[in-house]
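Here chain A shows up in two complexes: once beside chain B, once beside chain C.
After this line comes the complex of A and B, so read on.
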C-alpha cells in the first residue's frame, strides 16, 4: 500500500498492519478502511494525536451496497475527516453487515457527529450506541420504523405522502 | 359582515356595500409568503423594486396567519410540513385565498419522492396555480391580479375553490434587441437519442 499520506504510516505504527487497509479514492483522497471493533480507538487516536490532529469530522455518510456485484457486506459508514493544522483530509470507512448495524457513536470524540448520526440512523437503520439523543432528525412521524434511503425502499414511498386529512374551506 | 348588513338593508345598498368592501379588500391584499424553497427567492424578487407587488397593495407581507388574506405557498411542501401548512390555513380569517406558486407545490414538481407532497391541492383548497420553476415575477403578479378579480366579483367565501392556472409567460419576445443573445454564438444542444 504505497501512499504519500503520512497518517497511514502513523496508523500502521500505532495499530499494526492488519487493522487498516488504505486505498486511493478516485478524486485523489485517501481512504482508510478499518474494522468496526477498532473504530473508536482509531478515531480517538486520529483526533487526539499531535501528529494527526484531525479536529473536524465533516459528515457521517451511509452507503447501501445492495445490488453491487462485488459487495461482501451490505452497508458502509464513511467519516470524512479534516486536519486544519496540517491541511489534510482523510476518509475513514467502516463496512457493516446487514444483521449487525450497531456502531459506537463518535459524539464523544467529535461533537459534530451528533446530528449526522441521527440522520444516518433514521435513513438507514444504524444504531449508534452511547449517542446522547438518537431521535429522528429530518423525517416526520409517518416514517417511524422505515428507512427510506435503503435501496429496497421505493422511491415514491409507501403511501406516506398521500395520507393526510383534507382541509376544505369549511374546516375549522 | 356583508351578510348581516344585507339582512337589514334593502338589496341595492347591500350589494353596493359588498362591492365597496370587496374593492377595499382586493387592493390591499396582504400575502403571507409561505416560502419553503427556491420559489421564495423569486417571490422576494417580485416584491422588490423591479417587479413591485406593492403597486397591487401586496407589500405588507405578514408572517402571521391572523394578519393576512392570501396564503402564497412557494416551494416544496414535505410530508413534515403539510400538517403545519394546513393548520396555518385554518387559522387564517375569512376571506382568504391560496396561491400555489411553482411546480413543486402544485404537483410535486420534479421531486416524485417519498417525502414531497405531490400537489397541495389534494389537501388544501387552492385558488390559483402558478406553473413554472420558478414562475416569473410577471406570472406572480398575474396571479395576484387574478385574486383581485375574483374578489371584486364577490368570490370571497366560495364553497368550492376556483383552481385557475396562469399560463406561462414567454419573455423572449419582450426582450429589447440589444439584450437578446446572439443566435450565431449560441450553439444548439445536440440531442442524445
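After this line comes the complex of A and C, so read on.
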C-alpha cells in the first residue's frame, strides 16, 4: 500500500494489516481505519512515539450510518488528531456494530477527550469504558436513555418539549 | 508596584481538602450576570477559596447538529450565525469553507480576499468584546465602552455588506450573497485608523495598570503541554506558548499572500491571554490593510456552471433562465449533488479552531455534521483551572477563555 503520509507508513509497520486506509474522503485528508480492539494501543503509540507526536485530540465525532449508502457498520467514531510539532493531521476511525457500543475511553491519553466523549455517549449511546465521569453533558433528564443524534430519532423529538415541568409561583 | 505582584503565591495553598466538614457549596449560575452566558458552576468553597468546581452546561442546547441534517448546505449558514454570536460571520465563512472542500470547489480570488478581510474583521470584533469584558470584570468600565464603540463600527461595516448587523448569513456555497458595496473599502480603511487609537488607549489604560495586573497576572496559569492535552486552540493556547495558528500552518483563503505574525505569550495566565488578543487585533488590522490594497477585480461568485451557485437575484426576477436556475438549486428534489464522502475542514476563528466534520450522502443536505467548537474544549478544563483560586477570579478566568454558550452547548 502506498501513502505519502509518514505516520500511516509507521502504523502499517507496527500494526500491519489491522490498519486500513480509508479512501472515502475529500482530497488531502488522511484517514486510517482501525479495529476497536487496537484503539488504545494505536492512540497511545500515536501520542507517545517521537516520530508521530500527535499531541492533541481535536474532537470525538460520533456518526450513525443508518440508511447511508455504502455503510460498513451502523456506527463509527472518528478521532481527528493534530501534531503541532510536525504540523500534521491524521484521522483515526473506528467502526462499531449496533450490538456492541462499548469503546475504551481516550481520556487517559488525551484529557481533551472527556467532554466530547460524554457528548458522543449521550447523543448516540456509546459506552466509554474507564471514562472518569460519564454523566450526560448537554441534555436534561427527560432525555434519559434517548439518543437524539441517532438517525431513527425524529427531528421534533419524542414529546420531550410537551413534558417540561411548568414552574409557577404556586409550585415554588 | 507591579514587581510585588510576582510574589503573591498563586494558586494559593489549599488548607482543606474537598469533602472536609466545614466547606460550603455555592451555585454559581446558570443565570449569573458575571458569567455572561448560561454556565452553571457548582463550587465547593473553603471561605473564598475554591476546593472543587464542577461545571454543568447544556442550558443553551439547541440541537445545531441535528438541524444540519435537515437543512441544505446553503440554508444551514443561518444556523452557523447562532453558534458564536460574538463573531457570527466567521462561522459562515468556516462552514462554507468546509462545504467547498467537500465539493472540491475553488472559489474566485476576489471572494477569497473578501472572505479574508471579513473574517479578520470578525476576529477583531470578537477580541474587542473579549478584551473589553476582561476589563469590565475587574471594574474597568471605560475600556469596555471604548472598545464596544469600535465593535459597533464593525457591525455597521457588516450591515453594509449583507444587510444584517448580527445574523449575517453572508457566505454561500461558491461565493457570497453579495459583493461589497461601492466605497466600502474606504470605510474599512478609516475604521482601521480609529481602531489603532482605541487599541492604544486600551494599552494606556490597562497594560501597565497595577490593579489590572494584580487581578490578572498568575490567574489560572497554564503550560503548553497542558493546553495541548486539553485540546485548546486559538489565542488561549497561544498565550501558553503553543505556536499553532491555522492561518500560518494550513493557509487557506488569502492568508498565504499576507504578511503577519503569530502572537505568542509564555505564562498562559489571564494577563497573557489579554496581551495575545490585543496583539492579534493589531495583526488583523495589518492584514486587512494589506488585503484591501490587493482585492482583485472580477466576479465574487464562481461561474453558474456547476449549478451549486444561486442565480443573481436580478436574473431570477428578470429572466426565465434565472428562475429555472434558482429553482434547480433550491428545490427539494433537485438541488445540487455532493460526492458520497466525508470531510473535516477547520478554520482559525477568533476563539480557536472551528471545524466541521461533514458526512455527505450525495444529496444537498448533510448526512451528519459535527461542529468542533473551541469553547467546549476550553471550558472542560475549568474545574482544574479554578482549583485554589478565589470566587472573584472565576469571572476573570471565564472572560479570558471567552466562553460562548451557544457553541459550547450546540
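We adopt the following convention: the second predicted complex is superposed on the first by the 155 of 172 C-alpha atoms of A that agree within 3 Å, B and C clash if a C-alpha of one lies under 4 Å from a C-alpha of the other, contacts with A are read in each partner's own complex, and residues count from 1 in each chain.
One rule holds in what follows: a contact is a pair of C-beta atoms (placed from the backbone, for glycine too) under 8 Å apart; a residue touches a chain by one contact, two chains touch by 3 or more.
Treat the numbers as computed from the prediction; the structure is a model and nothing was measured.
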>> In the overlaid three-chain picture, which partner chain does A:101 touch, first (chain B) or second (chain C), both, or neither?
In response: neither
>> Once chain A of both complexes is superposed, is A:92 in touch with chain B (first), chain C (second), both, or neither?
In response: neither
>> Under the stated touch criterion, which partner chain does A:46 make contact with: chain B (first), chain C (second), both, or neither?
In response: neither
>> A:58 in the overlay: touching chain B, chain C, both, or neither? Say first, second, both or neither.
In response: second
>> Just to be sure I read the superposition right, which of the two partners does A:168 touch: chain B = first, chain C = second, or both, or neither?
In response: first
>> Contact-wise, after the overlay, does A:148 reach chain B, chain C, both or neither (first, second, both, neither)?
In response: both
> Looking at the overlay, what does A:140 touch: chain B (first), chain C (second), both, or neither?
Replying inline: both
>> After superposing on the shared chain, does chain C or chain B touch more chain A residues?
In response: C
>> From the superposed pair, tell me which chain A residues show up as contacts to chain B and also as contacts to chain C.
In response: 138-140, 148, 155
> Which chain C residues qualify as touching chain A in the complex?
Replying inline: 57-58, 61, 63, 65-67, 69-70, 101-102, 104, 225, 228-233, 242-244, 249-250, 339-346, 353, 355, 357, 359, 361-362, 367-368, 370, 372, 376-377, 379-381, 409-410
> Once bound in the complex, which stretches of chain B touch chain A?
Replying inline: 78-80, 82-83, 86, 89-90, 112-118, 122-125, 157-159, 161
> Which chain A residues qualify as touching chain B in the complex?
Replying inline: 138-140, 142-143, 148, 153-158, 160-162, 164-172
> In the complex of these two chains, what residues of chain A are touching chain C?
Replying inline: 24-29, 31, 55-59, 61-64, 68-70, 78, 80, 82, 84, 87, 89, 91, 110-116, 119, 123, 136-140, 148-149, 155
